[in-house]
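Several structures are given next for inspection.
Across the two complexes that follow, chain A remains constant while its partner is chain B and subsequently chain C.
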Partner chain A sequence: MEAHTTPLPGAAAPAPRTRAVESTATWRRRDRIGLALCWAAGILLCLIAFGLVAYMAVRGVQYLKLDLLTTRPLSDLDQSKTGGFLDPIIGTVILTVVGTLLALPLGVATAVWITEYARPSWLARAVESGVEMVAGTPSIVLAIFGLLLFSESVFSFLSFTAQGGAVFGRSFFTAGAMMSLIALPLVFGSTREALQSIPGHVREASYALGKTKAATIRRVLLPTARPGIATGTALGMGRIAGDTAIVVILLGATLQLQSAGDTPGLSTLKGTGSTLTSYVYNNSPAGEGNAPEKAYAAAFVLLLIVIALNFAIDLLSNKRKAPTWSG
Partner chain B sequence: MTDRRVELLLGALASVVLLLIVGMVIFVFTKAWPSFANNGLKWFGPGGNVDDQLIDIFNSPANPANYVYKLRAYPLIYGTAITTIGAVVIGLTFALLSAIFIVEFAPPRLRAVLEPVVRLLAAVPSVIYGLIGILVLVPFIGNDLITAEQKKSVAFVVQLSGSSLLVAVVILTVMITPIMIAIIVDALRSVPRSWTEGASALGVNRWRVIWTISVRAARPAIIAAAVLATARALGEAIMLSMVSGSVGFAPNPLDGLTFLFEPTRPLAATIVDNAEGLSVKPFGQTIYAFAAVLLVSSLLLSLSGWAAKQPLKRYGVRA
Partner chain C sequence: MERLTPPPIRRIVVDDDPTVVAAPPPGQAPAPANGTVVAGSPLAPAGGAAAGATGTPGASSFVSAPRRRPATEGLGTERMHLEELTVAYSGKEAVKRVTLPVRQGEVLALIGPSGCGKTTLLRSLNRLTELTPTATQGGRIVLDGEDTGLLEVTQLRRRVSMVFQQPNPFPMSVFDNVAYALREQGTKRPGKAALNEPVAEALRRAGLWDEVAEDLDHAALRLSGGQQQRLCIARALAAGPEVLLLDEPCSALDPRSTQIIEDLIVGLRKDVAVVIVTHNLQQAYRIADYVGFMYLGDLVEYGPAEEVFGNPREERTREYVSGAFG
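Let's turn to the complex of A and B:
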């Protein structure tokens, strides 16, 4: 089957598969109704997507001003004085970076261990279902679990500690740690997929040259799996940038970045802040700010980020497919 | 020598994930236990106004012996179930039809547009869907669709503002459908070509081929898609807290069409709305009890998703 569809190297590209054109006039009515429903569903899907993007674009262009991007948010009753959303943009970037930096090594290590070692097998199976469970856990549950966990005094170095010794538990560190759990299954999944698609004889060739298993992983397998890892990471970054529940609960969702401690850099990470998602939430009628224009503008920026990430995923997964091992 | 160490290191990192999930289940359940223990099975039953009960719990006396725990969470559970089931049922039908369209009937140019569109819709953050819901759909329904009589007919129990079950289900459907479409498209594509070609050779028309052969072969993947979408819908908190009305009310199907316009509030949205009170001990324990219910439901879902994938492996089809 497959052999016919893969062109031999150097051979001319096969003619595109042609479909026999079939008139639907001879179909039974039930079949024609089914076909019509399919068309309706497909067109509705397009309409929803274009409606959504067009609406957000119109609102975004209408309300987005350059100074919104460069001024810090302030709390004021007068909407013209509440500033822009510089801090939430920085917050989104910091949180995405922290989450990705934690999820990437953990996800890749887990995937490598599952595909290359997986001993003892009961542990491997347990880890696999564990990752699956993380993927199925609602982010709101992760958020309040994180709050419970990081309010323990053992983790006081990660966040702000109040006078009485109560650990606040909310910071970029703690939110990033929980965000990494959201990205983890995606990184894990695509890394494993990439590793599994590398045929066994590639590993054997490497062993035959006297490389150890560890060296094979580092020099042969991981570089080959890089496009897969990158795709998974980009997917994970999209999920982190788009998640709201964890930000609202674990980042404090304060208007401005508030640092804790004196060490520059570290203090920001230990402090609280907000991201674009929580800014949109707080400025929607459901939140405290209630400034729909700003919510629209921020949502438009967020949508652009997501579209850019989507585009990156397309490039990553299409451009350089894994090398063909056969032939 | 280093080889052995690498294996141990990687294995340890992998076990961290496992430890985290086990820790999460234990942590959440220990924290939630007092709420379940004090209410027994009645926790899940109806009785009284759940919002008033939550306020009572929040205001319970400082003395641990006098903590108030009384809670009848039925309206919240009912709200979760009805929004989830509504969205998954509508979404699954729609996703199946769209997937068939993309795989079989769409003209190549339209298909080239549709596939990125599906991926884009799947990636749009839920807060953007919520924003559109609360700023566009809710005012539209509140001002134009709900009649004054409908508002009056239920005014003694609940106010109709437009934030309603209808908006919640519609937006939730738009959110979860793309995930299902992506999975079903993959599954329909991986049905062995010889099966469908065999049917075509017998003179069966294209619709019958895809409906009786491909869709049937992809049934496990369709179930898996529904399971994944259900998990997403169950856990959606922010969007639902924005558009569902945030009233602990169980919409009553006996109200006829008005039923669709009645507000509700699922479990996940309840957690977000009440996160401020987590530091009040009995209240926090009640909130963690909601989380525990969500956690158990998602564990059960993962389990059924795993079970649904098993028959696929027999055909060598990957979901």
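Let's turn to the complex of A and C:
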């Protein structure tokens, strides 16, 4: 290696560099192949993602007509009379809202307890592994557990009761409750991460002003963690909108929204219905409806919803780059 | 609109005004305005001369430097008193049997090498040490005649507030940062209109008003480091504390911001008792009236700044202020 020294004044300028300081050309072959594979993997993933969206867009736009979005699905052997998927869209929205409304307070409260209290420690460990267990449970297992649970007569107020007293156990309430378990770990995780990233001296600054722990959590910590909470919620909403197993088992999988009872609003929530995922499943060649064109169109709409949520997450996460404490 | 009154706090009546306790020595000009750098203030040359006379090695290096504060005005009003204070973490003593007065009208600086217990001592004054589960405390701290251990901790911390090493404004607007200290626990009452005046007053006292008055909705974390630290001081002053604790408030700041904050601290000592922990001996010399030197949990020496820096009684103090260790 040549030693670099500052050239003497008046000396000729050093020759311009002809190659980078470190070039992969000097690497061993094994390392170069490894690097190439890393590049290839990244590019391949991009291609798959874009291919998926492009394919669904072509197929979806091809079959998507405005009246599909505005007409209710009907059961008919003639495909031209089976209507659109207005009800599944509404069902997706209702289910996402119910699931999120349950998961949000539960997840945030758990995260606050874990980061700010967590005493006794054995309970904190139990809570953490509980959340991890819920996060790792397949949704079909959650669904069948939910059906078992909500068919008990104590939960009869959540769904409709058949003549003879059998509790149906399937409704937007029960499906939403189980869906909240899917979103809960995501809300919990990102809230906890956001709270943990707040330096301890910020909490102390609040205590040093004579504020209680409760006031500190409400007025300082939760507002600071809001972008994190929002990100977790959006992630959870995406998962709820995309889940199929719970809908098929716990929402009754009736094509149209079927109310139970007479109270407006509440009857819908106690009733059964479908979502875009179950609609796609039913109309795919694997399902009973067998109308692949409508399945494509509905899948495209679902994809758009989930992509929109992802963009929302990006926007929310960017807000996190707001100025923060130094050191 | 009714003017905001902070929650009721019982205060003792202070009969003697600390600013008039000691008359200036005859022939001396009256003390100049706060914050003026006074070259050759009445007592500084005396300290410097003493150091020169006793031949203290190195101790006179900055003792003759200009001090930011005007002449000492004599003993102020005692606000806090530490009696045989001992603080231990998991049984290991960090502060050992320290007895110390904290007076209004004076800046008390605690100096000493890292890990000597000065920050622990500071934090025990408003019971922030209680946030550490392993900390135990012996002895007594008295605030205006009341044992701080018997006071409601939220009340105590409104009366003895603190500024930290890292500027740590809350991620809200400048206004809300100060208003937070004035509002009731966890509520948004009183509303913004009622708080305009007290917030502005706190910002003026912290010398930040002119820079932020135009845009009080500015995000606090977008201010510069020095402005953030002054905002933290404004926040700490908002509830009208009797004692202000500063834990190395300038260590994360540039020299210019440091100078502004030092001037500010010297100006504040008339209304609040100021205790500052600092690693920076020059800073302690510039702003402190009294200095406590701590070493391994002991309060080795306590006395007027001129004496501690100019003519320390203890050998360890002499070595520390001359830079032999630290």
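Everything below uses one rule, namely that the second predicted complex is superposed on the first by the 299 of 327 C-alpha atoms of A that agree within 3 Å, B and C clash if a C-alpha of one lies under 4 Å from a C-alpha of the other, contacts with A are read in each partner's own complex, and residues count from 1 in each chain.
We take it that contacts are C-beta pairs under 8 Å (C-beta built on N, C-alpha and C of every residue); 3 or more make two chains touch, one makes a residue touch a chain.
Quantities reported herein were computed from a predicted structural model and do not represent experimental measurements.
J.: Following the overlay on chain A, give me a clash-or-fit verdict for chain B and chain C.
T.: Result for chain B and chain C: fit.
J.: In the overlaid three-chain picture, which partner chain does A:242 touch, first (chain B) or second (chain C), both, or neither?
T.: After superposing on A, A:242 lies in contact with chain B but is clear of chain C.
J.: I'd like to know which partner A:201 touches here: chain B for first, chain C for second, both or neither.
T.: A:201: touches chain C, not chain B.
J.: Just checking: does A:35 make contact with chain B only, chain C only, both, or neither of them? Give me first, second, both or neither.
T.: The first partner, chain B, only.
J.: Have a look at where A:139 lands relative to chain B and chain C in the superposition and call it first, second, both or neither.
T.: first
J.: Applying the document's definition of touch, where does A:90 land relative to chain B and chain C: first, second, both, or neither?
T.: In the superposition, A:90 contacts neither chain B nor chain C.
J.: In the superposed arrangement, does chain B or chain C reach more residues of chain A?
T.: The larger set of chain A residues in touch belongs to B.
J.: Quick one: is A:212 in contact with chain B, with chain C, with both, or with neither? Answer first, second, both or neither.
T.: A:212: touches chain B and chain C.
J.: Working from the superposed arrangement, determine the closest approach of chain B to chain C, counting only CA atoms, in whole Å.
T.: In this superposition, no C-alpha atom of chain B lies closer than 11 Å to one of chain C.
J.: From the superposed pair, tell me which chain A residues show up as contacts to chain B and also as contacts to chain C.
T.: Residues common to the chain A contacts of chain C and of chain B are 212, 214, listed in rising order.
J.: Tell me, which parts of chain A touch chain B in their complex?
T.: 1, 22, 24, 26-27, 31-32, 34-35, 37-42, 44-46, 48-49, 52-53, 55-56, 105-106, 109-110, 112-114, 116-117, 119, 123-124, 126-127, 129-142, 144-145, 147-149, 181, 184, 212-214, 217, 238, 241-245, 248-249, 277, 280-281, 284-286, 292, 295-296, 299, 302-303, 306-307, 309-310, 313-314
J.: Hey, which residues of chain C end up touching chain A in the complex?
T.: On the chain C side, the touching residues are 126, 128, 131, 153-158, 161-162, 164-168, 170-172, 180-181, 185-186, 219, 221-222, 225, 232, 235-236, 239, 252.
J.: Using the touch definition up top, name the residues of chain B that touch chain A in the complex.
T.: Contact set of chain B toward chain A: 2-3, 6-7, 9-11, 13-18, 20-24, 27-28, 31, 94, 97-98, 100-102, 104-106, 110, 113-114, 116-121, 123-128, 130-132, 134-136, 174, 177, 181, 192-194, 205-208, 211, 231, 234-238, 241-242, 246, 268, 271-272, 275, 278, 287-288, 291, 294-295, 298-299, 301-302, 305-306.
J.: List the residues on chain A that touch chain C in their complex, please.
T.: Against chain C, the touching part of chain A is residues 199, 201-202, 204-212, 214-215, 218-220, 223-224, 322-327.
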